[in-house]
Amino acid sequence: MGEKWKTGVSHVEPNRIVIRGHEIADLLGKVSFSQALFLLWTGKLPSQQVGRLMDAVMIGAMDHGASPPSVIAARTVASTGAPLNASMAAGLLALDKFHGAAIEDCMRVLDGIVAEVRDAGTPLPAAVGSYLQGLKQRKGRAPGFGHRMHTKDPRVDAIFTLAGDCEIAGKHIEAARELERQISAGAGRPLPINIDGCIAAVFCEIGFPLELSNALFRLCRLSGITAQAHEERLRQKPMRKIDAGAFEYDGPLPGK
Amino acid sequence: MGEKWKTGVSHVEPNRIVIRGHEIADLLGKVSFSQALFLLWTGKLPSQQVGRLMDAVMIGAMDHGASPPSVIAARTVASTGAPLNASMAAGLLALDKFHGAAIEDCMRVLDGIVAEVRDAGTPLPAAVGSYLQGLKQRKGRAPGFGHRMHTKDPRVDAIFTLAGDCEIAGKHIEAARELERQISAGAGRPLPINIDGCIAAVFCEIGFPLELSNALFRLCRLSGITAQAHEERLRQKPMRKIDAGAFEYDGPLPGK
Amino acid sequence: MGEKWKTGVSHVEPNRIVIRGHEIADLLGKVSFSQALFLLWTGKLPSQQVGRLMDAVMIGAMDHGASPPSVIAARTVASTGAPLNASMAAGLLALDKFHGAAIEDCMRVLDGIVAEVRDAGTPLPAAVGSYLQGLKQRKGRAPGFGHRMHTKDPRVDAIFTLAGDCEIAGKHIEAARELERQISAGAGRPLPINIDGCIAAVFCEIGFPLELSNALFRLCRLSGITAQAHEERLRQKPMRKIDAGAFEYDGPLPGK
Amino acid sequence: MGEKWKTGVSHVEPNRIVIRGHEIADLLGKVSFSQALFLLWTGKLPSQQVGRLMDAVMIGAMDHGASPPSVIAARTVASTGAPLNASMAAGLLALDKFHGAAIEDCMRVLDGIVAEVRDAGTPLPAAVGSYLQGLKQRKGRAPGFGHRMHTKDPRVDAIFTLAGDCEIAGKHIEAARELERQISAGAGRPLPINIDGCIAAVFCEIGFPLELSNALFRLCRLSGITAQAHEERLRQKPMRKIDAGAFEYDGPLPGK
């Protein structure tokens, strides 16, 4: 019998489950799902305040209508009579480079700018300006800014306000706001912080690991993908030809 | 241009996102992720109490060590250098018939027993006895009871206690407890309610739709799968031959 | 060290690879891919004639234009910048109940009819009639017949003719033809043998195992799915909204 | 109605199917599956000789025992009661960076060396030497050479011999052989051309597109993955703990 391989995620023995050093019974009913998830992924149990902010970020990531490719992939699979986990898997596979992958990149940008301000004493506007100039030379686009539909994403203000209320807003959110100002000024039109950029700034503030940031978005978005795939099974005929641009909402609207 | 297809999940227009009739900004910071998820999947925004119970259930479902096939599938994929969403998708595909699929079946059983008591006036012990007798004749096994490792699952008491505290415990949890008593008595050894059965009873009490119950388990378990796949990438050599039965926990244990 | 688990598929030792009892070097250059695949899946190396027929069946299954959900799922995933194997996996997940799953069912039907003729001496037309009458009472549809587009599938005659040339056509193909006659007569319009029914009849004749029949279709169709996903990456913009019913062919046409 | 999107892969109209400019009926029974696959993926119908070589390459890629992660992932998924296409999808997702991805890289290397010889007139040994020196400086490893088990891969000689018989062997195979000589000499032990390198050299000779080369390997290997997942369902208990290093072959061995 060779040496056993090691894991530090969780420990299970008869009548006992330990998650990252915490008895499962000490978590149940005591912390929120988002706090437990933070613990499970990072090994650190965050405060209730961080949990509230995580909840908001996770709700912000849940769903964005029926048109994103992850939804269309999941609905398309569902329409062939496939089980729900197959739809969910296909939806996840459609959360790739161009769809749900900007958070990590944006975190790197914000971390870089904040480090420049902190370590070199560069004023924030100059640090942002210098980053944007480099980007322009490389003909790159700033990850986490601009949206094909929203000029003012309804999720961003709410989440940043909550971050302030929770006393979590700091240098990274400031940097994101300064980026938004300069990018929009440079373009001559609003290129606002989008949900990816917003989550990136919050994650930097709360110390969420960047290499798991896109995965968290994917996990949360999977809740929307699942709702959409389930609706496909309930309301649509099998094997229909889906037009990803030709749907309309027939659910309730607020205050009506 | 033909007729548009319909969806009632969510509505997106410039600078506005509506989830099942609620402005996204009215959810952010106001409700927990679990409440928003319940809304997204069912169209109904549950109370804060239900949210607390959902959080506990979702934490209970998150992870159960490194040995389940969903973890091994995800780790195996990770060990080939695949991106994290591919590991997550493979993990989901391993949550099938024999792994994470008992909740829906158990909900049907509990609903049947509670209906029998309510509609025919059969006493609970007799209704449970009659179900178990039928099961015996069909040589079936009751879904949601028994565990290969735990004789007393540490998650179950904590969640049922919380259900009581939240004033949510009712007929379905009673039925689950009676089933546990009779099944264990019949077998002459403890065949306790397991996490699937526990979630099933709670979901019956809070009106969570049975056809989405296994999907919720899968979504939550994916958080553990992701943590494990990420650890595989961080701590193990690529292309190793994984022995699913030969690992040990080297993380912290609670200070006791 | 416990007992080792067993496999009969293939054996690998230093400088040696054995597939189902055959040295790999005895297959390379000696048999076709389709013959080797038959061997790998069934343990029996088929004749060259069976190989030719398998090749035809496998070509017939390769592709059927850009509209099937398996293609749309794979293209949708590709449009998010995902790697090709993620597209291929999503395509496979869309080959489910209503799409590429009729071959096995049709093989069961044909086997049943041929057994009835052989064992009970029922004449073929009566055996087919009796099956169709039962189906009508159950309000079922015969798997493997009818096509939303073709009244005469261009693949079917070619494959059945080849089966005749290879001296493989027998009772199952006869039964399929008789089913086609009676189903079309009953409906008052052509409900021809489709590619699923055609493959089913051929597989019955050559002894291909029915529980792997749909898997073979899926493997072959994956070649079309891959071609389509690759074209998506080459010719289309990322993140486009795909309309599954609004494409046209701009490749070459024969003899023009 | 907007403009239709374009595809050049295949065309379907009532009673007609065209693959890359060829009527499907002109392919069925006339060409091999491998020739049709080459056509489907590249738009060019290759000669029968190229078809024979493709068949050999595809057989060489089919299976390599039960230990590769793609097999373990597929078996692990199968052991949860999942349908076969879910196992196949998980297997595909495990064919990533470190497993089945060296063909494209090796083709680039061989193309580079052959171009150097052709365009700059550098003798082959010098071109190979110069490539290996650069590799050493970058501390890289040559893709397509060396095998953890075989010192002389039984597939390679057979395929290169066939390439000679088919009059297809040329500069790229020569370059691969020279690389093998120099790499092995430099290491002081055999670091032979492996199946990836062998396929790479053949694909360079027959003009198979490099960006589809790994995909072809994956498609072929999926046939082995499927056979293994199917065997898991037939021969093993559900939910077993698989040890990827502890199996043995109990099938037939060649007549010895």
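To keep things simple, chains are lettered A, B, C and D as they appear, and every chain counts its residues starting from 1.
The rule is short, and it goes like this: contacts are C-beta pairs under 8 Å (C-beta built on N, C-alpha and C of every residue); 3 or more make two chains touch, one makes a residue touch a chain.
Remember, it's a predicted structure, so these values are computed and weren't measured experimentally.
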Of A-B and B-D, whichever chain pair has more C-beta contact pairs: A-B
Over-half contact-pair match to A-C, picked out of the listed pairs A-B, C-D or B-D: B-D
Inter-chain centre distance, chain A versus chain D - centres from mean C-alpha coordinates, in Å: 37
Mean-CA-position distance for chain B and chain A (Å): 23
Chain B and chain D, separation of their C-alpha mean positions in angstrom: 41
Interface hub residues of chain C, defined as touching at least two other chains: 1, 67, 83, 85-86, 89-90, 93, 95-96, 242-243, 246
Complex contacts: residues of chain C adjacent to chain D: 1-2, 4-29, 31-34, 36-37, 40-41, 43, 52, 54-56, 58-60, 62-67, 83-86, 88-90, 92-93, 95-96, 149-155, 157-159, 161-162, 165, 211-212, 214-215, 218-220, 222-224, 226-228, 230-231, 235-236, 240, 242-243, 246-254
Residues of chain C defined as touching chain A within the complex: 1, 67, 69-70, 72-73, 76-77, 79-83, 86-87, 89-90, 93-99, 101, 238-239, 241-246
